[in-house]
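The same chain A turns up in both complexes below, where it pairs with chain B and then with chain C.
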Partner chain A sequence: MKAVSNKKLGISKKDISGWLIMLPTIILFAFFVWEPLGESVRLSLYTAKGIRLQEFVGLDNYALVLNHPDFLAAFKNTFTYILWSLIIGFFTPIIMAVLITETVHFKGLFKIGVYFPNIMPGMAMVMMWGFFFRPGDTGVLNILLSKLGIESMEWLTNPKLTIPLIIATMTWKGAGSTALIYMAGINGINPELYEAATLDGAGIRQRVRFITLPNIFSLGKTLLILQVITVFQILYEPLVMTNGGPNNRSISIMQLVFNYAFRDYNYPAAAALSVMICIVLVILSAFYFKLTKSKED
Partner chain B sequence: MKKFKKLISLLLCALLVMSTLIACGKKDDTQETTQGTSQEDANSTTPTQATEATDAAADNIQLTLGIWPEDTLTADIELHEGYVKTFNASHPNVEVVPAYYKYATDTFVPLAESGNLPTIFESWFTEPQKLIAGGYVADITDELEARGWIDKINPSIKDLLSKDGRIYGIPRDGYALGLMINVELFKEAGLVDADGRPIYPKTWTELAESAKKIKDATGQAGLCLLAKDNAGGWHFSNIAWAFGATLTTEQDGKFAANVDSPEAIAAMEYVKSLKWEYDVLTADPTNEDWGSGFAELGTGAAAMYIAANDAVNQPTQVNGLPVDQLAMCALPAGPSGDQFSLSGGTPYMFSKDATPDQINAALDYLEIMGKAPVVTDDAIAGMKADAQNKVANGVPVIPRFPCWIADDVLKAENDIVTEFGNVDTKLFDSYFTAIKTQGNLRTEEPGSAQDLYAELTKVLQAVITDKNADVTALMKTADENYQKLLDSGVNK
Partner chain C sequence: MFFDKYRKKDEGTIRYYDLYSRKHRILAVLIFAVCIGMVIIALFPAVWVFLASFKDNAEFRKEATILPAAFNIENYIKTWNDLKFFKYYFNSFAVVLGSVISSIIFNGLLAYGLAILRPKGYKVIFTLVMWGLLIPATTSVVALFVNINRIGLNQSFLPLWLSMGANAFFVVLFKQFFEGLPKELIEAAKLDGCGVLRTFISIILPLSKPIVMVITIFTINAAWSDFLLPFLVLNGSGHETVMVRLFLFRTSNATDVEVLRAVAFSIIPPIILFLIFQKQITEGTTAGAIKG
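Here is the complex of A and B:
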């Protein structure tokens, strides 16, 4: 009898044990992800003393954030970051992967080599590059240039170079691990295709163009979206290397959130901006899921 | 068998859920448990002692000192251990808990919201209004009133620490900006008088010329200019005043930005010329902040730096400049002879959770340290110990900026400086004469100083990274932005 009534409710005994197994995870998620997320949305609609809510103000915080003089600069910069990350960061790992797969000797050495910068802690990496990019006679790169008889450069303090250089350091660190993913993709390609092509007289260039690239195309689409999502949230690289300068030329939206929360203690404004970022990222993620789904089909 | 397996897995699940819930439980529970066990332990040994202990615990209070020195400063810790001994002699019921806390904006709010702030802590001069607005600090007006300290706080500093007539902190030190000088570099450049004392620049133009001479003679930067964060705008506001600018005006309680006045633009043009005409700045001002400026000065990479008297330990003790190689003069005057020193105070503040008893204990502790407006034997001993400690660590012992205006305190402080003075006072004369001049001291711009500084810093970054920067246009943008921030913030 009982089983029947349970069935009516849509719950069977089997389901119960399933739910019980999931329960710990659900509770953890609820406490550490969903609850803070909901709380953050709520905070963005109130005024607050610290993080204690005071008064409901609707979308005032959103208006405040959008009208801040730094918002437009940060918004533009974030897209400049994405653009440069596509120009510099997207193709580098593909080229690395193709070259390494085509290598005959010391493949393992090269694989480790490209992955090596990834082992470095992020903060140490940006500080190290900070020393490299120092303008004047004490910067490492300028010292090297002077040995070659080339005049010293301004590096990060040249507003035109700030974002591309920050992206270059990020690529230096991150390209290796992405290249490994591409290599795995390339290794998954049926070797018979290459053999057949070679027999038909295809050179390396043709092999790459007609076999390798089409086969890693869908993988590339996925990684592209992932890269855009990551770069959208860029924070500590510009924060440490330039503090958003010179004159806001490298400030990112995430740094605005950081400033609101940790410089001004204006948590509602920080929450409002975070919610907006979240919405953009949800859209991008939906796009990503659609892409991966069509790939599976 | 299958059923048994299922039962076990169900049990395990339940256990996991339970443990998760327990882990999420309140912190108080665990405290209770530990207290419970310790009492049980006591019971098992001598029951009478245990009851005594609990009775005493009712009267006992804890004083957590965020102002305790950090672990590496062993000499300072010894000094404080001495203070604690004196303190406990008169306050046997107070348990002093060292809890070194270096104020930082990323750690402060979590500490405060979780109720873990030390009873007393130091903050930055930029923070008091923010902390008061957030409800993080205790109102100590009544405690100060009972002690009769309120009228003794330097009024300009009191304003920085008050809101709506209530007071939330007391000054650790007052400060007024001046120009710190690396004497070695001045000597190398030949900028010294017959007695070997550096020849101070009296105007900003002279400063640029002296800086140029130093750069040519030594290859080191003449001036360390800050342009990384708000400290850049903070220093610049003082330069702008000398050029005759007032950056914020107030009318009927509404603030108006006045950043694009001809005077302010002239000041910014001057800063621009330091980079593109004189070329006397450090390699990358956009990466210089308050701390790195002292490193440049202390290590001889820059000859001059805008800094305050309460930070003389920074170039010397922290960055290794010999104590006799540091001089300090008044900030230079502008083209029409205007000369100002930006002044303020570094505060001691108290946790919002502190009880009046705890606050009083903390204030008593400050008395023993000699940082309060009272002259007792303990206080004098505290001041002496502090001065001795400075001498031993190569920190100049110079008069404090008068953050308390009680005559007996000032006299006691001056006596200590005379007794322990370890520097040629003539090296600091110009600075102290200037700040005693009527009308020299100026507190920071009203309105929203931090927003103003942020806007000015952006302009600073632009003019020192771009030779063709249009100063007038940049200052106009800064003015518009600052007005916008004033309107959306304080002018409501």
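Here is the complex of A and C:
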């Protein structure tokens, strides 16, 4: 009798034990991932003294954040970051993957070598590159330049170079692991395609253009969106390498959040900015899901 | 000699028959040379950190050279002691250890539910987890920080440990692996009267050693490298991790060489880990991305 009534409800003992097994992790996800999103929204609508909420102020915090001169700088910089990451960061791993695929000697070593920067902790990496970009004779890049007989450069303190160089360091760290993903994609291409193309008289360049690249195109779209999502939240590099300078030319939106929250202790303003970033990321993520879905079909 | 190995090549564009043309032979050599260049660029900065940190401060600031005048390990030991780095190593190791345990248990259990038990409505949770994969923690870190303070868990390792137990990427990796396990074994365990938790501990986990290994390695690296949450939770508590200590150099009066040595200390454990487990790490990266 009891089994029948449970069936009517549609919940079996198996379902209950399944949910119980998942419950602890669901609580963790709720605490660390889901609830903070809602809490951000709530926090952004109030004034606060430290972490204690004071009074409901509607969208005042949003207005405060948006009207701050730093916001405009950070907003513009975000587009510059994304633009440069498309130019430098997107193509580098594709080129690396195509080239490494064409080697037969030390291929394993190449793969491991280019992946290596990815295991460097982000904080250690940005401090290390700080030494490389140091202006003056003792900066590592300037030492290398002087060996080639080229004059010292300003590097990060030259506002035209700041963002491209930051993107270059990010690419240095991330390109190798992305290249391995592309390589896996290239290796999945049916070799007969290449052989058939060769019989039809296609040269090496044409084979890359008409077989390799179209076959990794959908992978590229997906990785591109992930890259934009990552660049959107860039924080360590401007925070440590330039402190947003020179003259706000590299300040990022996440850095503004960091400054509001942990320098000025203005948590509601930081939350308002977080919510806006989050909305943009949700839109980008929706694109990502659409792309990966259509890939599976 | 160099080109003989191309006979067996069946990936990518260039085939052995292309190499009858002199132009293509030059291209193959050129590609090989460029790849060597890429590896040098990838490795040089870390090598430089170790080379330059053997310099003393005067040498570092004045001499525009790559190689140090002498390799004196005592300087290293002195900086290690001066900066009390043992303490930061100890704290980081404590964070790493707890994170690994929490990561395997919690992410594993959720994936077990999503991949094998599949209770009614599990898809809702899976969708929520996937969204969490794409909305990264940094955007809600302010609210999380406020919440942690409200329940009084600041200045403790606990939130750092538990946060690794809610990692969407690891859940997806576990789930994919569990879905590939032989169903018969799990059914057999059930018929033998094995409870769901027992099945997980004595059947699923032992069968999943490869993925447990990959996630352990990834968790070690993530926990060691993490900065933002450890900084917010531990700063000023006396339990700072290595990465938090590095950040604090921004406002300290340490010399360049001391900072550089600290950077060297902070990258030694990940490098050792990578040298031992390069295969698992590189394969785990591609597996997660292609299927996820």
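Please note the rule applied: the second predicted complex is superposed on the first by the 274 of 297 C-alpha atoms of A that agree within 3 Å, B and C clash if a C-alpha of one lies under 4 Å from a C-alpha of the other, contacts with A are read in each partner's own complex, and residues count from 1 in each chain.
Note that contacts are C-beta pairs under 8 Å (C-beta built on N, C-alpha and C of every residue); 3 or more make two chains touch, one makes a residue touch a chain.
Just so it is clear, the structure is predicted and the values come from calculations on it, not from any experiment.
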First, second, both or neither for A:28, with chain B first and chain C second: both
Chain B versus chain C as contact partner of A:51, first or second or both or neither: both
Which superposed partner A:131 touches (first chain B, second chain C, both, neither): second
Touching partner for A:143 - first (chain B), second (chain C), both, neither: second
Which of chain B and chain C A:264 touches, first, second, both or neither: first
Superposed model, chain A: greater residue contact from chain B or chain C: C
Touching partner for A:17 - first (chain B), second (chain C), both, neither: both
Which superposed partner A:105 touches (first chain B, second chain C, both, neither): second
Overlap of chain C and chain B interfaces on chain A (superposed complexes): 17, 21, 24, 28, 31, 51, 137-138, 262, 267
Parts of chain B lying in touch with chain A, wherever the complex brings them together: 6, 9-10, 13-14, 16-17, 20-21, 24, 105-106, 109, 112-113, 130, 133-136, 227-229, 282-284, 286-287, 450, 455, 457-459, 461-462, 464-466, 474, 480-481, 484-485, 488
Chain A to chain C touching residues, read off their complex: 10-12, 14-19, 21-22, 24-26, 28-29, 31-37, 39-40, 43, 51, 96, 98-106, 109-124, 127-129, 131-132, 137-138, 140, 142-144, 146, 172, 176-177, 180-181, 183-187, 191, 194-195, 198, 204, 207-208, 211-212, 223, 229, 233, 235-236, 240, 254, 257, 261-262, 267, 270-271, 274, 277-278, 281-282, 284-285, 288-289
Contact footprint of chain A on chain C as seen in their complex: 2, 5-6, 8-15, 17-18, 24, 27-28, 31-32, 34-36, 38-39, 41-43, 45-46, 48-49, 52, 60-66, 106-107, 109-110, 112-114, 117-122, 125, 128-132, 134-147, 149-150, 162-163, 165-166, 168, 171, 195-197, 200, 221, 224-225, 227-228, 232, 243, 246-247, 249-250, 256, 259-260, 263, 266-267, 270-271, 273-274, 278, 281-282, 285-286, 289-290
Interfacial residue positions of chain A with respect to chain B in the complex: 17, 20-21, 23-24, 27-28, 31, 49-52, 64, 67-69, 130, 134-139, 154, 156-159, 242-243, 245-248, 262-265, 267
